[in-house]
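Order of writing sets the chain letters: A, B, C and D. Residues in each chain are counted from 1.
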Amino acid sequence: MINKIYKSAKEAVADIFDGATVMISGFGEAGSPIELIHALVDQGAKNLTIVSNNAGSGHVGLAALIENKQVRKIFCSFPRTAISVVFPELYRKGEIELELVPQGTLAERIRAAGAGIPAFFTQTSVNTPLAEGKDKRVFNDKTYVLEHAIEADFSFVKCSASDKYGNLIYNKTARNFGPIMCMAAKTTIVQAKNILDVGEIDPECVITPGIFVKRVVEITNPADESKLVEEKRRYPWN
Amino acid sequence: MELNNKNIGWSVTEMAQKVAMDINDGAYVNLGIGMPELVAGFIPEGREVIYHTENGLLGMGKTANIGTEDPELVNAGKKYVTAIPGAAYFHHADSFAMIRGGHIDICVLGAYQVSEEGDIANWSTGNSNDIPAVGGAMDLVAGVKTIFVITKHSTKSGESKIVKQCTYPLTGKNVVSRIYSNLAIIDVINKELVVRELAPEVTFKYLQQNTEAKLSLAKEGS
Amino acid sequence: MINKIYKSAKEAVADIFDGATVMISGFGEAGSPIELIHALVDQGAKNLTIVSNNAGSGHVGLAALIENKQVRKIFCSFPRTAISVVFPELYRKGEIELELVPQGTLAERIRAAGAGIPAFFTQTSVNTPLAEGKDKRVFNDKTYVLEHAIEADFSFVKCSASDKYGNLIYNKTARNFGPIMCMAAKTTIVQAKNILDVGEIDPECVITPGIFVKRVVEITNPADESKLVEEKRRYPWN
Amino acid sequence: MELNNKNIGWSVTEMAQKVAMDINDGAYVNLGIGMPELVAGFIPEGREVIYHTENGLLGMGKTANIGTEDPELVNAGKKYVTAIPGAAYFHHADSFAMIRGGHIDICVLGAYQVSEEGDIANWSTGNSNDIPAVGGAMDLVAGVKTIFVITKHSTKSGESKIVKQCTYPLTGKNVVSRIYSNLAIIDVINKELVVRELAPEVTFKYLQQNTEAKLSLAKEGS
């Protein structure tokens, strides 16, 4: 019988392998699955490719994963933030690779992977350095660039509630990349603030149907990333 | 090609049971219109299967009882159905993202013809007087991980539906994994048809005589 | 100030022009905006291109529009149903053009138009007659076919409720093509069973955000298509 | 090129007011991070404008009051915001479908440079020591119907930001409709810069002297 609930983040991330591609939801801290990321720091898989809109803040969450030298490459739209120190340092040293992707193209490339679309055309980035070397094609007198799906082995997603089937709902703008990252990975791992009984989520309001989710961990009180950054905390905890 | 002896082989119900036995616990399944719909009635106890209907529902339940039908709750065959607790509704692009993106584990379909190489024809007889209609058939065979075909072994006029090459327009190429007919269960393995199970009283010889495509018998223990 | 509510279907469809492309939501009768279609029969625009999953039943709704000789061409995945008589007759006479599109490709081509994607690749229909003459491309050793966005001038969509901003919710499997057709047309016209006050729809449960909707008409008791077909009714009413 | 006389021209507030005057009732608007955010404060009474923030909210309200901030309700600049009644949340692919699909009426952006032809550079200085970051800028300029740029006319070191050709890496080509600087409002019409309004005490001659790109004056009544 179906039950996707895992007892701990540790258990849920145990099989992530060296060289895996891992998508991480969130727009800044909103929707960032910090407990899952920290479990991956503990687990230690190396040589990862990360797909995430940002590159982490301070020394916790995604920044901690990068600081722990587990990340080889990152697909990202906005790795530069005022409190991002880890990524810039490694990037300048040439120790981490960056594929900079416009935010909407990043979102659509992720959705495309989930929807079985290997590539699509978009006007975004045409005539800019980010379109250099890419296939172009003209439709109705406008030039478009071909963009390819980004598939992942694992996705880490934070949501507000899940049932045992993995049906998810989110909270406000913490939804952001969650639903599409759930679609794009072979194994989607979710941290939910609440596990609800089957039937408690209105079928009209399910945002991510359970088919896109493999594992769910209940994290009732997720850490507050901005507070941790403000307090200059580091993971593993200093 | 001789006509099937109508007194041997599995009934439609037995065929549906055979398919149901091969659907694993936790599978996400899409059942085509017609004979495939019967499969849901025979899932062995202790297994939980989630049904997807491409018109926008995951967690389709049984057919609606008379008097409780909701014209806005239908399946892909436009029959009135129900939704289980834990169901989810979504729009067509999301629904076909599930199909095209390889998220559905098993699809059970009927067919006009299946070829030796696992090609399937099930959307058009090629008859120019017929109104062309494809629905979701091509999306399903292209996108779903495992395609099961449930079909009578031969047409009413006695022609084999399991053929060397489909003569009807294709729905998809090299996509069928297994065929459940009234005479046998046949796997498509590396573009060859391997008989996995014969119906009672059906011999391999009889089966081959009633099949246009070349068959082989699965090796013991395989 | 924003108020997208129109007083009548007649008013909402008044400017549909000869030769327009009109998308019509629905999967069979579920989600079919029958009152909007009938208003278009009354309005009389000719030479229309229709985008719809089916081709109508009996002599009402889309079938009535076709029977009234207003439709030049239809994009459709499944025009053949037991109670479809109008379309088959005109099609066999060569009086209506059909572009047969696999259902998922139809949905994705509609979404693509709404999302600013002129074309995308899919495996659906490869090696079948429906892929003949289309561009193909190989990604990771698999062949895909290029499919183009389908844009519309107008969309007709049925939903369960709307507010004056055009935020929509739907009912069960009547959702089907509604949300993507709202995205794909220059002017989306919606028939809602209920008009709700702003704020009555939970922002987490809005299915179509109002940005995709231009006009809303309240149709509290929409006709029951299957009943009309059973009763052999015709529109204009016999 | 001479330095701007800092005592003439519009203040940032006045610039934001000028932009706000040009946002029509019922518009769906996306405001870039920084100076563009000020525009929301000056929409004339009687107009209703719906704000889109690309991180997944239509119907963004004012900045959150201190003490009521929700870390899961932020805008594209990661500031704590609110949602109006009638708002809707959605995921990133849907949010950028609104942008890329041409559903947003107006986007107000800052810029490093705008060219005579309406090219904009606002994501990268090209400095190899900077961490590259693009966010949603390229999607916005490619997809939104009308792009307004709000910017100081010159850099702090006195270089014109309105140039013959952008020297910084482009965000998009031929996309800007109108520039609101502290010295003037300038339309991009058929790849030419046409001055629509001069700030008080700013002469056309002064403006041209402080602008690298070639300007022309709008004809009376145009």
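Note that in this section a residue touches a chain if its C-beta (ideal position, glycine included) is under 8 Å from a C-beta of that chain, and two chains touch if they have at least 3 such contacts.
Keep in mind that what you see is a predicted model, and the values were worked out from it rather than measured.
Undergrad: Can you list every chain in contact with both subunit B and subunit C?
TA: Output, common partners of subunit B and subunit C: A.
Undergrad: When contacts are scored as defined above, which chain pair ends up with more C-beta pairs, A-D or A-B?
TA: By number of C-beta pairs in contact, A-D is the larger.
Undergrad: Cα centroid separation between subunit A and subunit D, in whole Å?
TA: That gives a centre separation of 29 Å.
Undergrad: Suppose each chain is reduced to the average of its Cα coordinates; what separation in Å results between subunit B and subunit D?
TA: Subunit B and subunit D have C-alpha centres separated by 56 Å.
Undergrad: Rounded to a whole Å, what is the gap between the Cα centroids of subunit A and subunit C?
TA: So the centre of subunit A lies 35 Å away from the centre of subunit C.
Undergrad: Specify, in ascending order, the residues of subunit D that touch 2 or more different other chains.
TA: Expected reply: 83, 89-90, 93, 96, 99-100, 143.
Undergrad: Counting only residues that touch at least 2 other chains, which ones in subunit C make the list?
TA: If we look for residues of subunit C contacting two or more partner chains, we find 108, 111, 115-117, 122-123, 170-172, 203-204, 207.
Undergrad: Using the definition of touching given at the top, classify the network of chains in this structure as line, ring, star, complete or other.
TA: Per interface graph, the chains form some other shape.
Undergrad: When you check every pair of chains, which ones turn out to touch?
TA: According to the stated criterion, the contacting chain pairs are A-B, A-C, A-D, B-C, C-D.
Undergrad: Subunit B touches which residues of subunit A in the complex?
TA: For this pair, the touching residues of subunit A are 1-2, 111, 113-117, 163-165, 167, 183, 198-199, 201, 203-204, 206, 209-212.
Undergrad: Taking the touch rule as given, give the residues of subunit C at its contact with subunit B in the complex, in rising order.
TA: Touch list, subunit C to subunit B: 27-31, 53, 77-81, 84, 87-88, 91-92, 98, 100-108, 110-111, 122-130, 170-180, 207, 224-226.
Undergrad: Note which residues of subunit D are touching subunit A in the complex, please.
TA: 53-57, 70-75, 78, 83, 89-93, 95-96, 99-100, 124, 129-139, 142-143, 169-173
Undergrad: Looking at the complex, which residues from subunit D come into contact with subunit C?
TA: So the residues of subunit D in touch with subunit C come to 25-26, 28, 46-48, 50, 52, 58-59, 83, 85-90, 93-94, 96-104, 143.
Undergrad: What residues of subunit C sit close enough to touch subunit A in their complex?
TA: 108, 112, 115-123, 137, 139-140, 142, 144, 148, 169-172, 202-205, 207
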